[in-house]
Amino acid sequence: MMEWIFEFIAADLRTMTPILLAALGMAFSERAGSVNIGAEGIMLIGALAGAAGSFLFGSIWAGAFVAMASGALIALLFAYLTVTLYADQIVVGAGLNVLGLGLSTSIARVLFGVNTTPPQLDAYKIVPIPLLEKIPLLGPALFQQKLLVYVAIVLVPIVHFILFRTNMGLKIRAVGEHPQACDTLGINVYRTRYATLIISGVFLGLAGSYVSLGLLSFFTENMISGRGFIALAAVVFGKWKPKGILFAALLFGAGDALQFRLQASGTEIPYQFLLMVPYVLTIAALIGLVGKAKGPAARGKPYLK
Amino acid sequence: MSPVLEMNGIVKRFPGVLANDHVDLRVEKGEVHALLGENGAGKSTLMNVLYGMYEADEGDIRFKDQEVHVKGPGDAIALGIGMVHQHFMLVPALTVVENVILGMKDNGRVLDLKAAAEKITALAERYTMKIEPFTLVGQMSVGQQQRLEILKALYRGAELLILDEPTAVLTPQEVKGLFNMIGAFTSEGRTVIFISHKLKEVMAISDRVTVLRSGKVAHTLHTSDTDPKELARLMVGREIDLSCEKFSCADNREVLRMERVCAENEKGMAILKELNLTIREGEILGVAGVDGNGQDELAEVLTGLRRVTSGTITMNEKDITNASCRHILNQGVSHIPADRQLRGMIGDMNVVENLLLMRYHDRPFAKPFHLDWKRIEHRAETLVKEFQVKTPGIKVPMATLSGGNQQKVVLGREIERNPKLLVAMHPVRGLDIGATEYIHKRIIEQRDRGCAILLISTELEEILELSDRIVVMYEGEIMGSVDCSCVTIEQLGLMMAGHRWEEVAGEKSEG
Amino acid sequence: MRKSTIDLSKAVSPLLAIFFALLFGGAAIYLLGFNPLAAYASLAKGSVGSIKAVTETIVKAVPLIFTGLGFAVAKRCGMINIGAEGQLYMGGLFATAVGVYWDFLPPGIHLLAALAAGVVGGGMWGALAGWFKVRFGASEIITTIMLNYIASLFISFLVTGPMKEPKGEFPQSSQIAHTAQLPRILPGTRLHLGFIVALLALAFFYYFLWKTASGYEMRVVGMNPEAARYAGMNTAKSSLLAMFMAGGFSGLAGATEILGVQFRLFQNFSPGYGFDGIAVALLGRNTPIGIFLSGLLFGMLRAGANMMQMLAKVPVSVISIMQAFVILFVVGRSFFETRKSRVNILESESESDLEAEVGEGDRV
Amino acid sequence: AGSQEASEEEALKVALALPGPISDNGWSASAYEGLMMIEENYGAEVSYTENVSTSDMEDVFRSYSELGYSIIFGHGSQFTDAIHAVAGDYPDIQFIIINGNSPKAPNIACIQVADDQQGFMMGAVAALLTKTGTIGVIGGVEIPPIKMAVDGYMLGAKYADPNVEVLSTLTGSFDDVAKAKETALAMIGNGADIVGAIANQAGLGSIEGCKERGVMAVGSNQDQNPVAPDTVVVSVVKSIPVLFTFAFEKMAEGSLEPKVYRLGVNEGAVYLSSWHGFEDKVPAEVKAKLETIKDEVGSGTVKTQP
């Protein structure tokens, strides 16, 4: 039983990592007032870019870098359209999802060819934490994970610190609440929104690369499979606070991990209902635990000088 | 003395509007310079040019004997110009300290909020202000927010402080506090530009006055050389008459009766405590009090927007306690809400649709399956004419009307229903004297028609001028209900500070 | 008057945007190793090149118009409905259930009942999200996304289990009865009566929102809920009704798709019509005429896409890129305008354009 | 234009409608491989459409018919309705439904591949190689070929070793590779030491999971050993090219009839791949046992379907 529990925790950590990374990134952009339902598309491009980088340069670090850079690039496009041209954030996001799917699939085919064995790529490796990994049961579950799992968890307090303790964080939060007031204080609202969107793009790209090179070691079409949307939900569920987001991501991860295990241990429940678990959980969490959570006041609204 | 600020030949055009037409403004060091003008005269625009929010099309600015190019508020702040905007520029979700230091150039990368809080408290004390550095701004009263706005500018080391209609939402005590602060500020050799529609205040605080009319400077004169009448004439171009007659209506039928009414705010705190009130036909009952003492809730309870936790409200002998908003409206209650932008109108809808707001389900306009737009528009045209709303057309979005005209639309809509009870909150807040005069006239007309009116205002002068009877609210309770003719401003002020009528009734008035 | 110049820029900028989308799409096609000219020739052939092509465009525009309306009506009431896809599934499910199991109904009635079931199915699913919102304050953006997944899994369960066609192998329901099928309008094509239903829905959308008291109420709630409360409106009721209508429209997308095109229920039977509906509505600025036109545009892309792959061998993934370009260029169309009119676009997004597009005459 | 049409008629034109992308590492990819083979071997002009949704099926078949294609494949039984709707209007065109089971018109043929046999063989491999006595099978979306293969897997496993415990799961997706991997990890956590997946590209996730935990995987559809040479012990190939070749040979003979053909181990449509690096590590008696089982499956002496 104990073993089962730790296996479960390990699986939870693995599955929640891309959601956590993506959601932490979006904490920045959402705090500054941007709602990006195109997260899914950006992650997909990140997943491909990571694989492509690793494929072309033979190193996972190159892969991670290319993933972050392309995430940033797509986020820049989002910023240009929504901030500079005042386009509707929801449509642009929807457009990015379509773009992400088309672009990642097309480029993957050009790069890796069709119908061939996926290339062997340098992927994120398991990095055991010395000593801690030796703890019986707990060690293998918590301290024998891929690097990005630790990175994501360590980023939680860091993002919290940036958002709530630094000058930049204060500006970001203020811009999402009352951009006009920021303008009267000489804060460049547009630049702040661009910057936070680019940061979120970096995170989303990295999260995507974790799906292709951390959970797996290659790229396949549409492999993000809704994790971008779940990350979006995690931001809301976590009330735009890193700690809350961590909790939300852990919960979604747990829902997923639980569902694999329930199925694997053979139950009578039709599998479709098990697959619903994370989604039902999200709704239950939204209506039960969060209550009337209000996001940043200027969230989703373009700012006109 | 050489002027600290010179604005020469400022021209600012908006599509179709010449907001500033070669405006020259000279402000001396250490003076309080008042800027007067009707709604839309171009005061805010001029100040926004100075503060870098707008770029002037023509003209130049000299500040402290230097020609300056203010490209944005950041430049203005760096020069030592601070501005408190007509609509507060505070972030409600942040704390006081965070709001004050927001965007400061010399903030460290990592914020030291404690140190900043100490500095802020010290600064506030210097100007005899009291401020709690770690409260959320959204939980503060407007008066406190006003002080915070000023503090923000002071914290940035403002040498020249622009105050755009700072007193519109303040109580007399708060105005007094503000004036003390302005005195302290200018005594340090610093300068204030003060925009207001209240001539008495301008007379009291300013050294010189510049009057704007239709984007042009009408006159600049020393305050000591002029009087309110002259200023009003300069602004409007005609004489203004603000006196009104009062009636005795002691025997009229009672319209509204509230008995031991209690209500709570969102956080479950008691906000109305055992309130008793009556209003008679043809009577204006003024409710005075510092903002945030339950006046909003009183209006909400009366109009069905907030639940009563105990007590009863009856109107024309019918119980309307906790009745739905719609039911209460149907009893003949009209409501001019405190914040027209927030509640009283729909900015993105046009004037016709805004005028329809309370009548869209009524017979002649709503047919069984559709709205009769022809009739609705015809009525809108009539109302716009009758209430002298200045608008390019009845189909322009409400948001493009000036505040005064927006208020006329709201008033027209509410009065047209021939209400039995009119709940009017701050009906002239932010309006120029022309519009104020007009709206007051229409309210009195209603009183004369026999409507019972509950007038809630933080302006004691307005209350004293219009009301037949006055109640003062303090922390959700009524401090006393007095006849208008036998109370002094001082007594009212004491009641607003929490003293009961029984305690202050003996105080001798000084005239 | 001023109006005419505004109309001109309004009409030109979307066209310019579409032109640039095609230009960039062509560049992408070329870079990925295909012939853009051949691709566009086949796109045109597949979408407008023949009677059949035109009817295919319309057949694909029908569900897009419905899901576009589903987004628009919620938006008019101040909500963002990302759930058209799930509502479409539930509408399809209900319509199928009536179409298959209520075959005792007389012709005509059976079809109407199936369509109505589609409205109810989608409407319930939409109203559920609306209820979460008004009762618990749960963000409809998130709950509708989650309800999409749930609906699609639920249908997967039904067609592999309780609703699976007897003796069938493939996970699909039985065929709906002939009496429940939408008749074809043009023989030899797939153009079915659903198109007329879509036109009626557009008219209803316009009539309801701008000509009825409930529609007025809904728009007030959408633009200023505080003012709505102040005017004695029941904002929760309006929101629920709006989400029910949103779901109902989207449900009709599913119902007409099944009753007119597919005739039985499958898992994942929608190729993303629900998500395209968001773009359709927003490109059409949530106005009836706009939704109609942008629905046709996306219908063209979808119909042409198949031909593009058949003739020019351009893979579907490239077509996704093209679609994305169209969406992004059209929403970024203000790039082609001065900053001032950009601001105008934004500020007039809600109300006044209806007048500009429908014409002043309609209001008087 | 007339001469052009004539020349077009000369070239054999073959079209293929696919339910998924040609890069799905499974069902559609295998059909694409078959189509390319036809292009090469028969000099045919070929065309395919990927990701054909149910609402587009009829349109795709009609368009191909009007574009002059003379042989049109629908790759999966989900194309049955659409082909039935179209075939009557184009009696000269040969329609072939892969895995279909009702050739309702004279110009429709159905060719099935024995998914159950594939699953059966995979299950047998797993059961014979397990050391823990627990094995796993992961399916993708619940459609007949997947379901048949998963059922076959369980029967095959029990047939080879009645005491073996089989964990089986459907992930409901062919895309979600990560989900398949987590499922494999969960199975391994529950004691499985060899896992097979029939889930197109999602199956790659299962192999990845096995690789990470150092247990064996059974490949499916194609020879998947190159994906993870130390993990995929053997693959049970389901060869769509064999089906296509079969159809072409029959047509060349003029003997393709409107009926259901079923191809399995006997016809070479289902077979064990080479053992690659495991050649020496797998005991000879296991290989021999598998050979026997294969023959029994081919002769129909064992039940491969429930």
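Going by the order they are written in, the chains are A, B, C and D; count residues from 1 in each one.
Keep in mind that, in the parts below, a residue touches a chain if its C-beta (ideal position, glycine included) is under 8 Å from a C-beta of that chain, and two chains touch if they have at least 3 such contacts.
In UniProt terms the chains read A, C = Inner-membrane translocator; B = ABC transporter related protein.
Every value quoted in this text rests on a predicted model; they were computed, and no experiment measured them.
Shared contact partners of chain A and chain B, listed by label, are C.
When C-beta pairs in contact are tallied for each pair of chains, A-C comes out on top. Taking each chain's centre as the average of its CA atoms, chain B and chain C sit 46 Å apart. Between the Cα centres of chain C and chain D there is a gap of 36 Å.
A separation of 76 Å divides the Cα centre of chain B from that of chain D. Remark: chain A and chain C have CA centroids separated by 29 Å (rounded to whole angstrom). Contact of a single residue of chain C with at least two other chains is seen at positions 153, 156, 160, 315, 317, 347. Multi-chain contact residues of chain B, defined as those touching 2 or more other chains: none present. Touching of two or more other chains is recorded for residues 21-22, 142, 172 of chain D. All chain pairs that count as touching, in label order, are A-B, A-C, A-D, B-C, C-D.
Residues 21-25, 29, 32-33, 136, 142, 167-173, 175-179, 181-183, 185-187, 189-190, 201-202, 204-205, 208, 224, 226-227 of chain D touch chain A in their complex. By the touch criterion given at the top, residues 35, 37, 77, 80-81, 85-88, 90-92, 94-99, 101-103, 105-106, 109-110, 221, 226, 229, 232-233, 236-237, 270, 272-273, 275-276, 279-280, 282-283, 286-288, 290-293, 295, 302, 304 of chain A touch chain C in their complex.
For chain A in complex with chain D, the residues that touch the partner chain are 4, 7, 11, 14-15, 105, 108-109, 114-115, 117-118, 211, 215-218, 220-223, 225, 256-257, 260-261, 263-266, 271-272, 275. Here chain C touches chain A in the complex through residues 28, 32-33, 80, 82, 132, 135-139, 141-143, 145-147, 149-150, 153-154, 156-157, 160-161, 275, 278-279, 282-283, 315, 317-325, 327-328, 331-332, 334-335, 342-343, 345-347, going by the rule given at the top. For chain B in complex with chain A, the residues that touch the partner chain are 51, 53, 72-77, 83, 85, 89-94, 98, 101-103, 107-111, 152.
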